[in-house]
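Sharing a structure with you now.
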Amino acid sequence: MLTLLTDFGSHDVYVGVMKGVIACINPQATIVDLTHEIPPQDVAAGRFCLMNAYPYFPEGTVHVAVVDPGVGSARRAIALQLPHSILVGPDNGLFSGVLSAENPILAAVELSNSDYWRTPDPSTTFHGRDIFAPVGAHLSKGVPLEDLGPAIDPQTLVTLDLPQCYEQNQEIVGCIQSIDRFGNLITNIPGTRVMGNLGSVRVGDRLIPGGKTYSEVTRGGPIALVGSHGWLEIAINGGNASYTLQLTLGATVRVQVS
Amino acid sequence: MLTLLTDFGSHDVYVGVMKGVIACINPQATIVDLTHEIPPQDVAAGRFCLMNAYPYFPEGTVHVAVVDPGVGSARRAIALQLPHSILVGPDNGLFSGVLSAENPILAAVELSNSDYWRTPDPSTTFHGRDIFAPVGAHLSKGVPLEDLGPAIDPQTLVTLDLPQCYEQNQEIVGCIQSIDRFGNLITNIPGTRVMGNLGSVRVGDRLIPGGKTYSEVTRGGPIALVGSHGWLEIAINGGNASYTLQLTLGATVRVQVS
Amino acid sequence: MLTLLTDFGSHDVYVGVMKGVIACINPQATIVDLTHEIPPQDVAAGRFCLMNAYPYFPEGTVHVAVVDPGVGSARRAIALQLPHSILVGPDNGLFSGVLSAENPILAAVELSNSDYWRTPDPSTTFHGRDIFAPVGAHLSKGVPLEDLGPAIDPQTLVTLDLPQCYEQNQEIVGCIQSIDRFGNLITNIPGTRVMGNLGSVRVGDRLIPGGKTYSEVTRGGPIALVGSHGWLEIAINGGNASYTLQLTLGATVRVQVS
């Protein structure tokens, strides 16, 4: 099993082409799209999505992720062996979210062995097609990581740290790190920090009651809860919290610690 | 074979996560996306899409449908055995369209047996991941419906009736119930009601000639015909009827009965 | 293996229904979506996408393409056997791009044998479901092309020629033929025409330096290069060339020949 996460969108054939390349190498591969709607070149958004999705896949899944503003530059192409899965993509911080979740790196390599590329002369603008998809396909067939290129020191990986929440004056202070299709505001405050004592949540002048599920409040009412991804989230029952509360990415969120 | 229909969109990883959960249980499952672009929480739109799609799938297909504004409330999670397929999703009327099409319910159960969930402690906001996807995966492996929970009386299912057309003064009076990507206006008048005697169709002040296919009229001209889904439809040859005729959901459509 | 390219979008269930029809005939078929976001009825855009994608698929792949403004008219439904793949769709020029790339037609047939349709009485508006998907599924199972209908003379195929670039006053004069999700402006000037001697490219009053990859210029700077699809392309490093340069489809592009 192999997943794809990119910022290629669905209007062009870039994703289809990657699947064609994979099928040429491993016709048996099952390919799942995580999403291709990462905003163009938004590595941080890709990092967030990949971190939330990878735990739900079978052991041994190969995740190919391509949000790659530095394609064609000196940035490294890498593969990482984790206990539960394998990651393939550019070395630009895209994997920082997954790695922040207690995942020891069992092996890390630079993808410099062109035997596993689509061609020894890859394009300078589409490594998804010419390097990452074929390498992912070979990995899904059982090629060992070390065949793909020399080992690299995990300490040298580019990191893109998640925005951190902190405690101040008996409040946890965080921010909105993602907004989903329903307008739910996903903060960077881990659910584990507020579980058991979630009182109300303050955003600007507004106090939002804490709860467990959308339907606890009346239709149209706001609620703060721990979302299915494990983060504190602000939602409107039957509505769109982002529109209604006029809040967007980065807005500050405060939770009183009881 | 297993299909997915949701309002989760393609910008988030919710759909990808459901596929990961399914693959953990049944790696052999073939998964087809019906659509994930149902407008958020629009159960009626989901009902329409599912009704139009299910007849074209192989016998035994499991359809997992999640448009679920009541997630986390007391609304039931259900599975229904029909002669041709199995439906899995919330008990909120999403299946009313399929059930309106002469489908006797052979068995109906409430999904209360947590052995077939992803976890005995499901989230209160994402039953697609924690209940519906895993139950669908188990069904696709041949788990019998009755193992999933107690039988329920089909009479107690929540229904969301399709808007009905009616006859008045020698006209069939209906409305536009869906608009597709091409701007074709799909009414709630079954093709069987107008077959053989489709004269012109009246929408507001406008008379639209009846016909059989788009190209019968000149490019840019309007036509009323029975669409591929079996409903009376108003289209513009080579154009977008919704824009051009300035018509939207719910607009009244009248057909003269000869 | 079977690919689908359509202008059906993702909001309706048309694509899902085609996959259901295919699964009824060949449950083993692996289906890859090239794209379903071809602008409605834009045969030229479909031609461009299909031409860029087909070379990356395994030998024997069946490509089903449906951008079909003439559905229900007298336009022919066809299948073409090429050395590397099989094409199925309407005879309206959608395949002209693939055929422009040195692909001899080994066999061409009109799809008139209704034994391979979904029903002998197909709808007049959705041949994707009733003719093209089932024929593609039968082909993916090994049904020979000649069983599908009578041979046709390849000379009689409808063609939709690609816009051609030409040489004038020591310049190659072309135009922008496609814009991708990143705002990259893809011209109709083949990379082979400018390789080795790509100086600057002129668009309107502006001179854009030639190069090999986005990151050669500073962030925000424009660059002309040969894109991964093989065409001369104008891009902005880390930006959107279409927005920034205010250029759209059809704009003239001139390259000095050294």
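Labels for the chains are A, B and C, by order of writing; each one numbers its residues from 1.
To be clear about the criterion, a contact is a pair of C-beta atoms (placed from the backbone, for glycine too) under 8 Å apart; a residue touches a chain by one contact, two chains touch by 3 or more.
Keep in mind that what you see is a predicted model, and the values were worked out from it rather than measured.
Listed by label, the chains that touch chain B and also chain C are A.
Fitting chain A to chain C on CA positions gives a rotation angle of 120°, reported to the nearest 5. For the pair chain A and chain B, the distance between C-alpha centroids works out to 31 Å. Those residues of chain A in touch with two or more other chains are numbered 10.
Only residues 1, 3, 5, 10, 30, 32-37, 49-50, 52-53, 56-58, 61, 180-182, 212-216, 225, 227-228, 233, 235, 238, 240 of chain A touch chain B when the two sit together in their complex.
Looking at the complex, you find that chain A touches chain C at residues 7-17, 19-21, 23-24, 27, 40-41, 69-73, 123-126, 129-130.
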